[in-house]
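Take a look at the structure set out below.
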Amino acid sequence: MGYEGGMPIVTFGEALLRFSPPGFRTLEQATSMDVEVAGAEYAVAFSAARLGAPARWVSVLPDNPLSDLVLNQARSQGVDVSHVAKTAHGRLGLFFLEAGATPRPSRVIYDREGSAMSRRPAGMIAWDAALKGARYFHVSGITPALSPACAEETLRALHAARSAGLTVSYDFNYRGSLWSLEQARETQRPFMDLVDILTCGAELLGKLLGIEAADERALAKAAVKRFGFKTVILTRRRETTAWKNSWSALMLHAGAYTESADYEVDVVDRIGGGDSFVGAFLAQLSRGGSPEGALRFATAYAALKHSMPGNLCWATQRDVEHVLSGHDMRVQR
Amino acid sequence: MGYEGGMPIVTFGEALLRFSPPGFRTLEQATSMDVEVAGAEYAVAFSAARLGAPARWVSVLPDNPLSDLVLNQARSQGVDVSHVAKTAHGRLGLFFLEAGATPRPSRVIYDREGSAMSRRPAGMIAWDAALKGARYFHVSGITPALSPACAEETLRALHAARSAGLTVSYDFNYRGSLWSLEQARETQRPFMDLVDILTCGAELLGKLLGIEAADERALAKAAVKRFGFKTVILTRRRETTAWKNSWSALMLHAGAYTESADYEVDVVDRIGGGDSFVGAFLAQLSRGGSPEGALRFATAYAALKHSMPGNLCWATQRDVEHVLSGHDMRVQR
Amino acid sequence: MGYEGGMPIVTFGEALLRFSPPGFRTLEQATSMDVEVAGAEYAVAFSAARLGAPARWVSVLPDNPLSDLVLNQARSQGVDVSHVAKTAHGRLGLFFLEAGATPRPSRVIYDREGSAMSRRPAGMIAWDAALKGARYFHVSGITPALSPACAEETLRALHAARSAGLTVSYDFNYRGSLWSLEQARETQRPFMDLVDILTCGAELLGKLLGIEAADERALAKAAVKRFGFKTVILTRRRETTAWKNSWSALMLHAGAYTESADYEVDVVDRIGGGDSFVGAFLAQLSRGGSPEGALRFATAYAALKHSMPGNLCWATQRDVEHVLSGHDMRVQR
Amino acid sequence: MGYEGGMPIVTFGEALLRFSPPGFRTLEQATSMDVEVAGAEYAVAFSAARLGAPARWVSVLPDNPLSDLVLNQARSQGVDVSHVAKTAHGRLGLFFLEAGATPRPSRVIYDREGSAMSRRPAGMIAWDAALKGARYFHVSGITPALSPACAEETLRALHAARSAGLTVSYDFNYRGSLWSLEQARETQRPFMDLVDILTCGAELLGKLLGIEAADERALAKAAVKRFGFKTVILTRRRETTAWKNSWSALMLHAGAYTESADYEVDVVDRIGGGDSFVGAFLAQLSRGGSPEGALRFATAYAALKHSMPGNLCWATQRDVEHVLSGHDMRVQR
Amino acid sequence: MGYEGGMPIVTFGEALLRFSPPGFRTLEQATSMDVEVAGAEYAVAFSAARLGAPARWVSVLPDNPLSDLVLNQARSQGVDVSHVAKTAHGRLGLFFLEAGATPRPSRVIYDREGSAMSRRPAGMIAWDAALKGARYFHVSGITPALSPACAEETLRALHAARSAGLTVSYDFNYRGSLWSLEQARETQRPFMDLVDILTCGAELLGKLLGIEAADERALAKAAVKRFGFKTVILTRRRETTAWKNSWSALMLHAGAYTESADYEVDVVDRIGGGDSFVGAFLAQLSRGGSPEGALRFATAYAALKHSMPGNLCWATQRDVEHVLSGHDMRVQR
Amino acid sequence: MGYEGGMPIVTFGEALLRFSPPGFRTLEQATSMDVEVAGAEYAVAFSAARLGAPARWVSVLPDNPLSDLVLNQARSQGVDVSHVAKTAHGRLGLFFLEAGATPRPSRVIYDREGSAMSRRPAGMIAWDAALKGARYFHVSGITPALSPACAEETLRALHAARSAGLTVSYDFNYRGSLWSLEQARETQRPFMDLVDILTCGAELLGKLLGIEAADERALAKAAVKRFGFKTVILTRRRETTAWKNSWSALMLHAGAYTESADYEVDVVDRIGGGDSFVGAFLAQLSRGGSPEGALRFATAYAALKHSMPGNLCWATQRDVEHVLSGHDMRVQR
C-alpha cells in the first residue's frame, strides 16, 4: 500500500517551542535552556510520518525564524506543511519545563497567550483542500482550549472531516491551565458525535464525558454506548517515581477489550508520550494494521518515547520491534 | 557620603529575558540558548548599584519563576526591588538574539507583546513612596513605547520626580520595532520639559527632537536651547565590523562640551552598552563626581561592557580605573 | 508578622566554592567543572531568606572576584551580608566533588586550608552589632573545626547570642577531615550549655555528646537531660543506592517526640540537605510556626534539595506545600 | 513562476558527517566534537531549496541512523531525497575539522574511504527518472574523484543531463587529498564539453583546464573559447588572517565580465562558502534571475555563510537583501 | 616486587574512537558527540597500568592526530606504546554509541571497516621484541575477528607467547557484528590449546566452545577438561533495567570454584566492564596476588567501571578497597 | 641521535591547575570553568617531549586526584615524572583566568599559597639522580619566587646542574604578584653566574639584571658582558588588541644577533607562549639544531601556541614547518 494519492493523516493544532534548563536545574538556576519543538498534534504528525505514514500538519504560525525552526523539524520527517498559514499577527507559543526528580514533579509553565494560532481569524483554513486525499483526521482537546475562535474552528474541522468520510481521532489531552473541567466538558461535548477513535488518560475520561462507572472497562463501555465511538483507548501511567514510570493502555474496539503490555520505563523525558502513542496508532491503522496490533505497537512506541530527550519520539520501526520481541536490554551491537 | 537615607537612583522600566543560541548559531540552528536578564532601566539600576550607588528598580512582573530569576539578579547587586509589583496578568517579555559576524548584523526578535508591564493598570505604582529619598530618576524611551498605559505612567512618573526635586535622566533608546519615529517624537515631546539629563545615540537625536543642525555640537546646543536640558549626551558607536566597534560620547553641560576618549573595542556582546553608560554616569554623579569625570568614567565602563557576554556590565571600579589609566592589554596577574 | 526591625536569623560560618566535573566524571577525567557556592551556615541563611525569613550571614572573605560571586548569590535571596568582613589575608576555601554512582560513593576533596575565615584575627567581628535585632543564631560544628581562632570565635558568638536573648541553633555537621571525633567532642562540649536547638545526623549524636543509649529516642532524651536542650533533632539518611536515598527526622521537643515523613528521593545532588533542613526549620519558627510543623516542613524542603544540582536549595514554599499535600509526581502544568 | 511540475535543480554527490572539536581545540585536545552534515552537492541542493528553488539531491547512503541524520537535514529544507539509494555496503564518509587561528590554518582530515557512494555499482541510478522535470544539473569535481566508478557515473549523469536538455553546472572543487592535479585534469577533461556553467577557485582554473593566461579575465575568456562554456565563474578568497577573509567572484557570461562586490567577512566557519555560492546562483537563475543579478546575490549569500557555524548556509533571502542594500552592521531590531 | 626488568603484561588489539551523543540523545538527534578512546585490549592495558602493573599495548594505527589522541591516553597511565606501528594505510576504527534507557537498549554502530589494524601485513610485528620481559599476554576474540590477517597474527602471537613462557589470557568478547558464532568457534578453536586463562560472558561460553552442560559450574569444568585451561572465568551481567545492572563472576581454578560478590550497580556507562575486569585481574596476578583475591578485586573494579563515563575504568586502588570493605555509600569527605 | 641513555632535558618547577570561565565570562559570571594543567617548567617539559626530546619534570605534588590529572597530562607526552615527589602536606596551586577582550585585559588570580611545592623541605630532591644523563636543565624565576625554601632549592639545583656539566637555561618569567622587582633582582643575582641561556621578556630584562642600555641589542650585549651568558634571548610581544598580538624574539649568541620572524597572531589563548618557546628552543638544541634555527623554530611554535586553548602547546613539528614555509592560511585538506 502506498501513499501516492495523498497524505493519509491530517492533524490540526498549535506548535510551541519548549525551553528547559539542563541537568535538573530549576528555572531560577537556569543560565541556558535546551530548545525543543513541541505541540500535541504536531507530535502526532511527526510520529506518523516517521513511522512511514506521511502526515499533514495544519496550523498557524507567526512569520519569524522560530517558526522556521518548527517547520524544519516537521519537514525533516516528511510531514507536509503546505497548509500551515503564516501570519503577521501573534507570537509563537512557548513553554518552560523544569524536569523533576522525586519528590519534585516536573513542572510546565506555559507562555502561549497571544499565539498566532489562538488568534486565528475564523475561516482561515480551507478544510476541503487541507483534508483532500486523507483518511484520518486527528485533533486534541488542546486546540479548542486555546481560544473560542479555535474551538469554533475545531468544530468546523471535525464536520469537514466527517463529511469527507475520514476517520476522526480525538485525544482529550486535558490541560487544567487552559480551561476548567467544566468548560472542557461543555465545549467538547458537541465534538463527541463526530469522533470515531477517542483517546484519554484513564483517570480523566469519566470526568470529561460526565460518566461514572465502576472501573475502566465499564467506563469505556459506557462511553461507547453513549457517544457511539468505534474505538475508545484509555492510556495509563503510574509515576512510581520521577525517574521510573509505567505505561500501558486499554482499548475497547468492536465490543472487545485489548490490554497492551505494561512497560516499566526509565524516564529521560516523559513529555510527549501520549502524542507519540496516537501518532503510532494511526500510522499502524493507516498501513492496514488491526486495531489490536496498532495498540500493542503504539504502546511500545510511546514507552520508547520516555527514553529520549525532547517532546518528539525518535524511535524507529526497528526499535519498536525489538521491544515487542521481549526487550532484551543487552547492548545492541 | 553614604546612602543610608535611601536609594540615590530610581529607574522605571520593563525587564526581559534574552535567549540567544551560542556560537553564532542562527535561531534556526539553535538546539539550546543562553539565558540572560535584560531591560534598559533594569540594566541602569544594575550598573549603578554595582558601582556603589544603590538603586531602586520599579517595574511590574508576572508571578512566576522567570520573574524570580530577574529579581535574583537585581538583588545580587543590591538593587532594591521592593517597588516591583507582581501581577497575575501578563507575561514576562522575551527577546531572541542572533549574534552576528560581518556581513551578518546581530538581530533581535522581540517577543514582548502582552507583557505584565505593558498591561499595567494606570496608577498601580505609588510614586511618592517609590521615589522617597532618591536623588535621580531615570527612564528610557522604551517604557512609553510599550503601550499607551505605559506612556501615561511615564508622564506621571516624570512629574512626580520633578515635583520631588529629583534630577531626571532620560535616554531616548529608540526602538523602531515598538513605534515609528513620528510616534516617538510626538509621545515624548511633553516629557522633554521634565528632563535634566538627556542621552541619545548621536545619529537619532535630531530626528527625535525634530531639530536640524550642522553637526553634533550644534545639535546639542539647539537641544539645550529649545528644551532647557542641563546636560545633553550623544553616544557614538561606529561598527567597523561586527567584532570591532568604537565607542565614545560627547556631552554639552553648563555650556561646555566634553569629549570622551574613543574606545576601539573587541565585541563579545554589544547589547547593553548604552544602558551601562547611563548607569555608570548617574552612579558617578550621585557619588559627587563632576559631569566631566562621570562622562569619562561611564564611557570607559560602557566600552568594558562589550568585552563580556550578556546584557549587563559586570566590570568593576578597578576595571574602569585600569582602562582610564591607559588600558595596557598585558595579562593582569 | 514582619521583619522590618531586623534580620530574624543570623548565621556564622565559612563559604566555599565547589567545583565538580559534570556527568559523573571523576576528577582525573575532568576538562571542565561546574561551580557552585557552598558553606553550611551560608546555606542555612540562603534557605531561610528564600523562604521569607531574611537572614544575616556573618563571615570573613578574601578580597577577590570569587568572593563577589559568593556575595552575589547570598544577596540574590536577600541575605544581609553587611557583616561579612573582607580581608587581604587568606584564600577562599574550595572543595572538589566527584558525584558518585553505586558502588562508587560521592567524594569530597577539601582545599580549604589557609582560608581567610580560618585565619581571622580574634575579635574581628562586632557581635553586638551583628546580632542586633535578631531572634535566632545558628552555627555548625564546621566553624570551630576550622582553626583554634575559629573555635574561640564560635564560643564568643554563642555567648553573645545567649546574652542577647537569642535562640541558639547548633548543628554538629561533623567532618572527619577537619578534626577527630575526640577533638570535636572536647571542643564543642562547652558550647552545649549555650545551645537551644541541637541538630545532628542520627548515627553520630551519641559519639559527639559522649552518650550511649538504646535507641534514637533514648539518645535524644538523654541529651536533653544532660545538656538542657529545648529541642533535639536527629536527621536520618539511608543510602539505598547512590541515586536513591531516604530522608527523615526525629525531634524531641518539650518532652514529646515528632517523626517526620520518610521521603524516598531521587538523588540529583545530595550535598546540602542538612543545611537546607536547618534553614527551613528556623525560617518556619521565626514566622511563628510550631516546632512540629517546622519539622514537617523542613524535612520536605530538605527532601526537595536532593532534586536539584548544587549545594543550595532552590525549592519554593509552593514546592514544599505540594510535597506535604501528598507529592503526586504527575507533571505540574 | 512555480515549481509544481518538478524539482528545478538536481545535484549528485556524496554527503559526509563533519566532526570538529569546539573552541579551536586541536583534535588531540578533543573530548567532544560538534557534528554537522556536509557534502558539496548536498550543500548546493540545501541552499537552493532554502532559497525557494526546491532541489533533488541524488546520492548513495549506507543504511544506518547517521544517514538518517543526513536525510533529515536535507528534507528539513524541502530537498527531495527520493532518489537517494540506501545500500548495505559501505560506510558514511566522515571528516574531521580543526578550526584554525593565525598562524595555524584550519585543517581537514578526511575519513571517507570505503564510503557507500564511492563503492556504488555502476548503473545503480536511473538518471531518466532522477532528472525528470529538472532544469539544472549540478555536480562537482569531488564526485568523480571518489572512485573510478564514481567518475564513470559522473560522465553518465552529465550525458543524461545534456540529453534531457538541462543546463549543466560544474564546480571543480579540487581536493588534493583525493587525486593529483594531473588526474583531475585528465579525468575531467571529457566532462568539459558537457558543461554550461563552470565554477572554480580563481587560482586553480588554469591548472585544471591546462590553460595559461595573463590574468583572470584572459583565463576565463580562453576557457570559454576552448570549451564553449556559457558561463565561467571564478571565485576569489583572500585569507587576510584565519578570522578575516575576503570573498568575491568574477563572471564571464555572454562575452561580458561581471565583478561581484568584494566582501570582507568575519570568519565563524569558512567551510562550505563555495557550495553555498553555487546553490544560490542556480536558485536565482531557476527563478528567472539574470546571471549578473544571480552573481551579486550568490556572492552575498556565500559571504553570509562565513558568519555561521557548520557546512551549510542558513542565511535567508532577507539576510541577503540586507547585505546587498549596504550591509549596515547595526543590530537589527 | 617491581617491574624494572620489563612490562609484566602485553596486550594485542585494535583501538577505536567512540562517539556518543550526550544526554541519551539518539544519533538522529545528535548535534555533538562525546569522544572516548576504546578498544578491548587497549582497555586491559590501561587498567593494568593504572593499577600499578605497567603494560605494553601492541597495535597498528594510521598516522594522524586521532591516533595521537589514542596514544596520549595510553601513555598517560604509563602504558608502553613503543610497539605500536604507524602506517599510511587504513583508518582508525570508530564506533557510535547510543546510550539507552529502558525499554531502549544501548546501541553500538561500528564503523571499523578498513582500519589500519585489520589491514596489517602479516609479520609486521616482531613478537620476540614485543614480548620480551613480559609475564602475561592477553588478546580477545575481537582481534582475530577483524580480518583473516588479524586471525593469523593472533595465532602467531599466541604461539610466540607460549614459546616465551608467558601466561596467556584470552577473552572471547564475542561480537556478532564481526562474525557468526560458527566462524568464531572455528577460528578460535586452535587458539584454545595455547590459552591459560579463559574469560567469557557466562551465556556464551558453551556456544563458543561447543560444549553443553547442565549449569555454569559444569560448563567451566567441561571446558577445563577438554582444553586444559588453568583458569576459567565466567562473567555475569543481569540487566535489571538500562540503569540498574548486576555484575559478578565465577572462577574455576585449580579444581576449585570461586564466586565473586554480586554487585548491583548504577549504570553511568556500562561499556568496557569486561575489559576492566581482565585488566584488574591480570594486574593483581602480576603483583603476586592469588587468583581468588584477584577475582574479588577485579569484580569490584569492573563494578566501579559502570559508575563513570567512557570505555575506560578510572577507578583507583583506593576505590576498590572501599568497595571491598563494604561499599558504604555515604559521601567520602 | 637518540635519547636511549637518558632524558636530555630536566625542568624544575610547580604545576598548577587553571580554571577559567568559558566565553569571556568574568569570574562573577561563572557557572562552570574549563580546567587546564599549567606551570611554567611543566609546560617546557611538555613541549620538549612533544617535539621529540623526552624531558623529565621535577616537582612536588600533594597526594590527591588533582595531582594525578597533572601527572597524566605530562605522561601523555612521554614526560618522565619519576622524580616528582608526592607529599601529604600542602595543596595543589591553582589560578583563575578571566580571558579578556579589548579594553579589558585578561586577568589571572593566583591561589597558590600553601602549595606542596612551596612548602617542600629542603633537600627533598636527589639532584644527582634527577639530573643523571641529562644535557639541559631549565628553571624559571617563578620557582625561587614561591618561597625561601624554593629559592634555596633552585640554587642547589643550579649548582648541581653546572657541576654535572649540563647546559643551564633560565627564564626570568617575572610575576609581580609573587615578589617585587627588587626581591626578584636580589634573589636571582647569584643564579646568573650559573646560567648559560637566559630568556626574558624584552621590557623587563634591564630591570631584572640592573642594567641600563640604549636599546635591546645593547641590553643583550651588556648582559652577556656582565654575566657571561652564552645565549641571551629577548622575547617580544605587542598587544595590538586582546585578540591580535604579535610575537617575535631577538637572540644574542656567540656575538651575533638573530632576529626571528615577527608573527601577528589571532589570540585564542595567549597564556603559555613563553614556556612553549623555551621548550621548543631546548628541544631543537638537544636534537643538534643550531641556536639560530632553534630560535626560528621556537618562535613559530610559540606563535602557534596562541591558536589553541589552554596553557600548553599542542602544535606539532608539521605545524611548525607549515608556518616556517610561509604560513599559507588556506584550509589544509
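So that you can tell them apart, the chains are marked A, B, C, D, E and F in the order they are listed, and the count of residues begins at 1 in each.
Assume contacts are C-beta pairs under 8 Å (C-beta built on N, C-alpha and C of every residue); 3 or more make two chains touch, one makes a residue touch a chain.
Since we're looking at a predicted model, the values are computed, not measured.
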Count of contact steps on the shortest path from chain C to chain D: 2
Shared interface partners, meaning chains that touch chain A and chain E: C, D
A-C, A-E or A-B - pair sharing over half of the C-F contact pairs: A-B
Relative to chain C, chain with the most remote C-alpha centre: D
Chain B and chain D: spacing of chain centres that average the CA atoms, whole Å: 45
Centroid spacing, where centroids are CA-atom means, of chain A and chain D in whole angstrom: 40
Between chain E and chain B, distance of the C-alpha-averaged centres to the nearest whole Å: 62
Two or more partner chains touched - positions in chain C: 22, 26, 28, 31, 65, 72
Listing of all chain pairs that touch each other, if any do: A-B, A-C, A-D, A-E, B-C, B-D, B-F, C-E, C-F, D-E, D-F, E-F
Residues on chain D engaged by chain A in the complex (per definition of touch): 65, 72-73, 75-78, 316
Residue numbers on chain A that touch chain C, as the complex places them: 23-26, 28-29, 100-108, 110, 175-177, 239, 241-243, 270-271
For the chain D and chain B complex, residues of the former touching the latter: 22, 263-268, 300, 303-304, 306-310, 314-315, 319, 322-323, 327-333
Touch list for chain F against partner chain C, complex: 19, 22, 26-28, 30-35, 64-66, 68-69, 72, 91-92, 94, 96, 98, 109, 111, 113-114
